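Report on one structure; see the data block that follows.
Naming follows writing order (A, B, C and D), and every chain is counted from residue 1.
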Amino acid sequence: MINKIVGSFDEAIADMVDGSTLLVGGFAGAGECPSYLIGAVARKGVKDLTFVGNVGGWGPNLMEVVRERMAVILTIPEDFYDPGMLVGRGQVKKGIVTYPAAPGRFFTPMEWGIMQGEIELELMGQGTLCERIRAGKGGIAAFYTPVGVGTVVAEGKEVREFNGRKYLLEHALRGDFSLIRAHKADRYGNLVYWGTMRTFNPVMAGASTVTVAEVDEVVELGELDPECVVTPGVYVDRVVVRPKEPKPWEEAM
Amino acid sequence: MINKIVGSFDEAIADMVDGSTLLVGGFAGAGECPSYLIGAVARKGVKDLTFVGNVGGWGPNLMEVVRERMAVILTIPEDFYDPGMLVGRGQVKKGIVTYPAAPGRFFTPMEWGIMQGEIELELMGQGTLCERIRAGKGGIAAFYTPVGVGTVVAEGKEVREFNGRKYLLEHALRGDFSLIRAHKADRYGNLVYWGTMRTFNPVMAGASTVTVAEVDEVVELGELDPECVVTPGVYVDRVVVRPKEPKPWEEAM
Amino acid sequence: MPGERLDEQVMALRAAKEFQDGMIINLGVGIPTYCSNFVPPEREVLFHSENGVIGFGPIIDDPDVADNRMINAGGQPISKKPGMALMDHAESFCIIRGGHVDITVLGSLQVSEKGDLANYMIPGKQVGNLGGGQDLAFCSKKVIALMIHTTKEGGPKIVKECTEPITAPECVDQIITDIAVIEVTPEGLVLREVAPGWTAEEVQALTEARLIVPPDLQEMTLL
Amino acid sequence: MPGERLDEQVMALRAAKEFQDGMIINLGVGIPTYCSNFVPPEREVLFHSENGVIGFGPIIDDPDVADNRMINAGGQPISKKPGMALMDHAESFCIIRGGHVDITVLGSLQVSEKGDLANYMIPGKQVGNLGGGQDLAFCSKKVIALMIHTTKEGGPKIVKECTEPITAPECVDQIITDIAVIEVTPEGLVLREVAPGWTAEEVQALTEARLIVPPDLQEMTLL
């Protein structure tokens, strides 16, 4: 019988080792981030990680500032543990991201790490990052994108002309673990999302040796409309359900 | 106001000219083929077309044989006009397809055309064909696939090694018209499908200068669940509704 | 005098024995299609069809129930099943090209001793069909060639070198025929099983490529 | 003595005049966000946000109604709207990279006379953010740089050559500032409009790059 549901976040990443490459889903906010899986990676304490994701993250201290600033338009839940948690704890040696820095005067943990030479940065735009991951999931070795020619991201990369326009060669990106967030799952690992929760999550599903999905709810087989399944279970190895009541930072550790 | 619904199939392709490249959706069967758009192209009589699609098609005569053979498991509707109609009328000068030939003793119109030197064939597998079209829609110039290395499809193509495995360079493919089939549309051109109707249809949407969708039904804006829209309207230029009662070959011409 | 040749259903039954619990399986048209009837009840496997569906149910044989909009890649109407998912061609071939299909069972015109597969040219015609088979042959974790051991004229189909144009080089892992089960190894073709009543010599006589006969050669068990 | 500088809302209003009926528009963070408030009522445009939504409604400013799972790329909560569609990042960037976005409005640190855009390095920091802006700048049909004309210190931001690292070369089509509307042409920067009370000379004095002043230079009309 196929049953991808596992009992805890810790169990879901129990075989993660130092030096792993993690593809971590989400965009920048609480609604699409696999927070509890990030918490589990923090607890496990694995080091020398290569972190692949959209943002380097705030980390717990800056998160409080952001929470306060955003409060007039949006309540950030107390169980939003973002990638900055892993970076701030010194678990990350390399970031492959589009948004390592805070937009304002703050410095994120990843910025500090980069400035102090402790974290290596591979910067690119979101289109290239997600397409590299999709290539990894879909067996494409590399592709030519027009984005980035003549800029910092082109350094050291092959430039080639097609029909009079210049393109950069970009390579597929795969991970050891994809840690993604979804709304509902069934025991086959089929996933649906909610609103703008998708972002990098469906792209990363299947792009690593192991894909773990953190979901709001597990439903019976047959409850997900086959027309609306976004991520077919073939890409998903493990599914863990988020707690009904949010658990804050401190309790998670 | 955005309103992509047009009144007739003829109107939807009125600006098609000789020498156009058509991306025609569907797999091989009646359920996912833009039959009425194919009928309109036949009526218009444009010539020297480059036909891009999965199959070369049966055409009206063989269709009758297929209809009879399949009758024990599946009723093929009388308004299934497949790409073979265009090929059989001498409108196609080149086929970029995965399945030009009948699987058995029959010869399809495309096979006759190829054997008589009247149609040029560019043969490839489905994965490569659909990925080339997706690249066209998504601004990728070319990509490296492992599929086809060392076979007939590799002739004249660049082979390159990545991580010890050989890959073929395949180029993006775009058309002048994408003629696709969907189940429901709204006036923005958002599309949903039904069952295995998707196949090449969503991939081709947006991969041509003009994308026309042939749909079963047009619904009010807001009736399509935004979580379940497969093709966002941004890729679609024109939408035409299929007649409620199927029209057979003869009436279509 | 050799035993009887297995019929197509029994060949499919033997191939289905390879399906392990939880596997993603893609079945080519023809004899491979029958494999779905023989999945051991204690095993849950998901069938993928490259036209964009995974986890579908049995083939429907009643035209009054069948829906043209719910078919497999062989054009047969299929039934819905809980846990099924639909997708477009691009996603379907990410599954295939990305190596997420565990076993593909394909028909074949010829297989060479290196595991080259030739199955896209239609005999007696000048034009071939690649369909979805080339991606499946190149990228599936395991490729099973399920085929009648010889041509209609009795000639060999398991050959030293393919004379038909090849679909994919060195892709076949296992050959299951109406008289034998053969494993493709770096050392060559290893005869693993013979059909009841057949000897290794009798199988070799119908095979152009040399078969390695290991000491633990078995008779095919079909249950 | 020059006229007053336009405020951010009026700048956004001017930029929104560029939106034609049926267009797909992507708005960067900051001042560009305000453009959505000024779409002429007779025009129906669809806003795309690169995190995976198209055709959404107004930004929600009530935390009790806002949903963390329905946000734009600036992290602001957005409302649903009939005709909206959700998608993943790969599809969202097929829309962008494939050239399906009609207008992108982006903030900018510097624009050169060739239309080079520099907007990814954060002033005073050593690390920059590319986000989705680079794809948008490279691939949108029209790129509008919507920006305060000068730096906080009064220095020029419309320059001969960017001194900040560039996000995309020769991508900007139009520059809309708090004192002028400038078109990027193969011949150079053409001053199309000046804010009420401003002369071409006064705008040039705050601009490092040379501005071509055509005979039909207009005053910005905001209605």
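Things to note:
The working rule: a contact is a pair of C-beta atoms (placed from the backbone, for glycine too) under 8 Å apart; a residue touches a chain by one contact, two chains touch by 3 or more.
Here the structure is a predicted model, which is why all the values come from computation and not from measurement.
Separation of subunit C from subunit D in touch steps, taking the shortest path, is 2. Here A-C and A-D are compared, and the pair linked by more C-beta contacts is A-D. If each chain is reduced to the centroid of its CA atoms, subunit B and subunit D end up 38 Å from each other. Computed from the mean C-alpha positions, the centre of subunit A lies at a distance of 28 Å from the centre of subunit D.
In subunit B, the residues that touch at least two other chains are 131, 134, 138-140, 145-146, 193-195, 227.
In subunit C, 53, 86-87, 93, 96-97, 139 are the positions where the chain touches two or more neighbouring chains simultaneously. Taken together, the touching pairs give a contact graph of some other shape, not a line, ring, star or complete one.
Counting only pairs that meet the touch rule, the chains in contact are A-B, A-C, A-D, B-C, B-D.
Here subunit C touches subunit A in the complex through residues 21-22, 24, 44, 46, 48, 53-55, 80, 82-87, 91, 93-100, 139, going by the rule given at the top. Contacts from subunit B toward subunit A in the complex involve residues 131, 135, 138-146, 160, 162-163, 165, 167, 171-172, 192-195, 225, 227-228. Within the complex formed with subunit D, the residues of subunit A that make contact are 27-32, 54, 70-77, 98-105, 107, 110-111, 114-115, 121, 123-128, 130-131, 134, 145-153, 183, 193-203, 230. Of all the residues in subunit C, the ones that touch subunit B in their complex are 29, 49-53, 59-63, 66-73, 75-77, 86-90, 93, 96-97, 122, 124-135, 138-139, 165-169. For subunit B in complex with subunit D, the touching residues are 1-2, 134, 136-140, 186-188, 190, 206, 220-222, 224, 226-227, 229, 232-235.
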